[in-house]
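Two complexes are shown next, each including subunit A; its partner changes from subunit B in the first to subunit C in the second.
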Partner chain A sequence: MKLLSILVAETIKSHQHNFHNKLIYFSLLIWPALLFVTSYYSFKPFNLSDSSPLSAYMDVDQITMFLLTGYLGYIFFWSLVQSAWGMSYERQAGTLELIFLTPVSRIVVMFSRAAGNLLEAVWLFTGFTLFVLVVTGNAGDIHWWNVPLGLGLLSVSAIVWGGFLNIVFLFSRDAGILFTIFEEPMQFFSGVRIPVLAFPLWGKMIALIFPLTYVLEIFRDLVLNGKGLVELAEQFIVLFGVLAFLAIVSAFLLKKAETHAKETGNMVLF
Partner chain B sequence: MIEAKNLGKVYTVKKKINFFRSEKEKVNAVKGLNLTIGEGEIVGLLGLNGAGKTTTIKMLSTLLNPSAGKITIDGLDAVKDAIKVKSMVNMIAGGERMLYWRLTGAQNLRYFGKLYGLSGGVLEDQIQNLLEEVGLTEASNTPVELYSKGMKQRLHIARGLINNPKYLFLDEPTLGLDAPVAKQLREMVKSLAKNQGKGILLTSHYLKEVEELCDRVYIIEKGSLILHDTPENITASVVKNYHVKIESSALSTSQQNRIKQSLTGCSIEFSEQGDSSEMQIIAPFDPTALIISVCIKESVAIQKLELKRPRLEDAILTLAKEKLA
Partner chain C sequence: MWLAFSATFQRNYLVMKRAFPWSFFLGHILSGFYIIIFAYLTYFYVFKKDLSVSFSTYAGTDDYLSYVILGGLLYSFSVSLLMIASRAIITELREGTLEALLLTPSSRKGYFLGYVAQGLTRVGIEFAVITVTGYFFGLHLQNINWLSVIIVLFVLIVSTFSQALVLGSFMLYFRDTYITQNTLFVLMGLVCSITFPAHFLPEAVRWIGTIMPLTYGVDALRLVWIEGKSLSDILPYLWKMIILGIIYFPIGTFFIKRMEKYVLEKHFG
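Right after this comes the complex of A and B.
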């Protein structure tokens, strides 16, 4: 009940902040759609038949689906990087201090904030994805009964990721560096455009850093390859391990941030 | 009852020496401060810039942990029971920050109300009542970015009352407000204490405001308490001099000398202005009766007499001067 109340409060707050003008639709739909289209057409000129080197790692006929699912996952995760950026705004505006003045559970606020931002940020592109599926005649290749589970998994992972980022942003005065890390590298190394399996060893190591990598793999196996829970058990265990780790680190960092703030009168550690 | 005993705060600040090295420096913001705030009482906290007022308020509102000493709020420890204490206190600072500008007044209150665990009809009633109390009912659905300074300040007050706190800390609540708005705010603060029994701590640079509102005043300097009393007692004990200004008909030099002689122990300055003259008298006692009798004896026509009662402001200035001397 309390949780729901905070969730609603954060959702309304973020809506009021983000839907201030129409430009928001650019970042919600046009920008991700452009990312998808440009990737799609950069693959086009290459040999995408069964003899292509990519075919060792994926079904090359599925390239449209592969990119669409990749960008869908990416938008879930990237939108929460942007929302976490708002934490530095809250610190400057002094509203962060007011949140800490209240007795509310801090961890609930951090994760509600992520959840509240997520739905708003992804519904348009999710709709776009469905639209492309239907228009390109690829709807028949989707394992629809797995879609709710896949989207649920994507959402939960994104919320854990977003809550973690919100807390990380409590510490950093400059959001710029995190943007640099998460924009292009996350797109590349998480396997949004190219399967992780196709990376050299060092690339695979980097891929393991990004939680999106684990989620995307399962999401594609569920939705594109129609694999069942039993087949994916091992991957699920790894994903939940990663999410549990993120959650524990989040709780720890949040404690540290508040203790530090009570010592120094400042949220910024550096 | 809030009780702060031997309260201290040391900030550690990193100072950069060069790219690789930085040095830690300690700032003693508050030292050995003892302070109490009772229910229904308005207590003032005065001091020059950097004296440690905001630091003290942040410790009382559990945003900062003290480096020394102990704060108890109705028996609860402000550090150990911080979460419980948070629902009993609230803090209001002046200014443009600390509000969501794109949210309306009502939405701001609703958001913070939910963080205090309020919901449903209770929360909505509380929001309506507070908006009415601060006179923002009509502006309740206007985004805060369109509010004037005074409106924002009134919304701050409403926000500070959203959890119906037993104790309220006000950090320069009238900063930058014009006289009528500030007066309105003072009335409200008075009523919060006297009619609703809230304990209030107030910092302000407007000493008249402090004099008008506060039952007791703490004066701190560089983090240490230098004086604690009622505003009247502080003024009476610190400012020993009375100032009297008299405008009269022109005085001859011999008249001036005789007046000087009959007012021993006072300092008098004369200045001539055409066919009138002005006397400035500073005396360690109230010299009005004496000066009038001398003027009658000398047949001097008094045109204007001004007695300046010592104010808290004079007390603070005197204290500051004593420190410099």
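Right after this comes the complex of A and C.
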């Protein structure tokens, strides 16, 4: 019950904070849609016929579907990077201190903050994805019965990721760097725009850092290739391993951050 | 006018020296760098240098890497410049110095020129860093007619500055920089022939590129840089940029003036 009330509170907060201005729809829909279109056309200078070298990694006709699923996953993760960015404002405005003065469970707050943001941030682009599917006539190629599972998996992973980022931001006030690190590298190293398999070894190593890489692989196998749970068991185990690792590190960092803040009294100022 | 110019220049120089905007500086360099590295990975590892026939027809060159690297270079250049000029007044508003600025009888022309001239020193460093990085990723650097390059850049700067005035009025109206500027930048990335020739786009979208100075600037720069064309070959591009500048300038100055009054009435009562 407590957990639910925290979640509701965080959702309301996020809604009131973000949706007071209609301009929010630009970052929710227009930007990702334009990015998706740009990355689609970025393939155009290359040989996309049947003899294309790309066919070693994926079906060339499936580029639209590949990018669409890629960007859908990216939006789930990216929206929570943006939400973690807002953390620095909470800190400066003093609301973070107020929350920490109440007897709520900190970890629940951190993960609820991510979860409360997620739904509002992704529904528009998810709608856009459906729209593109129908318009391009690709709706028939989707394995629809796997979609709820895929989206659920995407949400859970994104929330773990978002909670982790929120906690990282308990340590620092300068959040601008987050954008620089995560915005575009996450787009190409985690396989949003090009298949990870095509990377050289160092590229693959970087890909392993982003949890989105693991999620996208499973998501595409589920939704585009219609693979079942049994076939994907190994990938699921890896993904859950990564998520569990993130969750444990989060819990550890959170404790450390609070002790640190209590010792130095710098929750607001720095 | 020169007093306002040098005063603004010196003030912004001091601001930069004492609080260098590292996040913008790094961000602009990285945005160019990311375009480069993405093109590099796609070209060598995903498509193994296998270009489509229509690329060289549309782009006027076979050198894909130089094409995209120059695209990334000029994109980042344009974005930097647009941000510097368009955010000038709204930054004064946010920092609380707008009222003081409006009270002085200083020339607004001198103010903006000083702002941009100072900003250009920073943009120049970004430009050099991205060019050097681009060289390591395969940017063509032989037999470049630097004089033509400088002329193209100069015309682009003037034209982009006029565009920035219009953008600045939008920012003042919405009292927002983040959404306004980034919407324009994402759009520019799509329609201005940055990573692919705009000819690939459907006609209905392509026209948006024709109202952006960057579209012509980037094509002109590629012609003189990669293909070694002479100034007379790129004259049409230069003209189009100049015309856009002539159109944007009066619109921008008119609306900036209007918006100054608007924010003054709204925020200072």
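We take it that the second predicted complex is superposed on the first by the 265 of 270 C-alpha atoms of A that agree within 3 Å, B and C clash if a C-alpha of one lies under 4 Å from a C-alpha of the other, contacts with A are read in each partner's own complex, and residues count from 1 in each chain.
In this section, a contact is a pair of C-beta atoms (placed from the backbone, for glycine too) under 8 Å apart; a residue touches a chain by one contact, two chains touch by 3 or more.
Since the model is a prediction, treat every value here as computed from it, not as a measurement.
Asks: With both complexes superposed on chain A, which partner does A:P45 reach: first (subunit B), second (subunit C), both or neither?
Replies: Second partner only.
Asks: Touching A:G140, do we find subunit B (first), subunit C (second), both, or neither?
Replies: Once the two structures are laid over each other on A, A:G140 reaches no partner at all.
Asks: So, does A:E97 touch the first partner subunit B, the second partner subunit C, both, or neither?
Replies: After superposing on A, A:E97 lies in contact with subunit B but is clear of subunit C.
Asks: Have a look at where A:K2 lands relative to subunit B and subunit C in the superposition and call it first, second, both or neither.
Replies: The first partner, subunit B, only.
Asks: After superposition on the shared chain, which partner residues are touched by A:E184: those of subunit B (first), subunit C (second), both, or neither?
Replies: Once the two structures are laid over each other on A, A:E184 reaches subunit C alone.
Asks: In the superposed arrangement, does subunit B or subunit C reach more residues of subunit A?
Replies: Touching more residues of subunit A than the other partner does is C.
Asks: When the two structures are overlaid on chain A, which partner does A:P200 contact: first (subunit B), second (subunit C), both, or neither?
Replies: second
Asks: Quick one: is A:L34 in contact with subunit B, with subunit C, with both, or with neither? Answer first, second, both or neither.
Replies: second
Asks: In the complex, go through subunit B and note every residue touching subunit A.
Replies: It comes out as residues 11-12, 55, 58, 61-65, 83-84, 86-87, 90-91, 93, 97-103, 107, 110-112, 114-117, 119, 159, 163.
Asks: Across the complex, what residues on subunit A touch subunit B?
Replies: Where subunit A meets subunit B, its residues are 1-2, 5-6, 8-9, 12-13, 16-17, 20, 93-95, 97-104, 109, 261-265.
Asks: Quick check on the complex: what are the subunit A residues that touch subunit C?
Replies: 21, 23-24, 26-27, 30-31, 34-35, 37-38, 41-49, 52-54, 57, 174, 176-177, 179-180, 184-185, 188, 193-195, 198-200, 203
Asks: Across the complex, what residues on subunit C touch subunit A?
Replies: Subunit C residues touching subunit A: 23, 26-27, 30-31, 34, 38, 41-42, 45-48, 50-52, 54-55, 59, 64, 174, 176, 179-180, 182-183, 186-187, 189-190, 195-197, 200-201.
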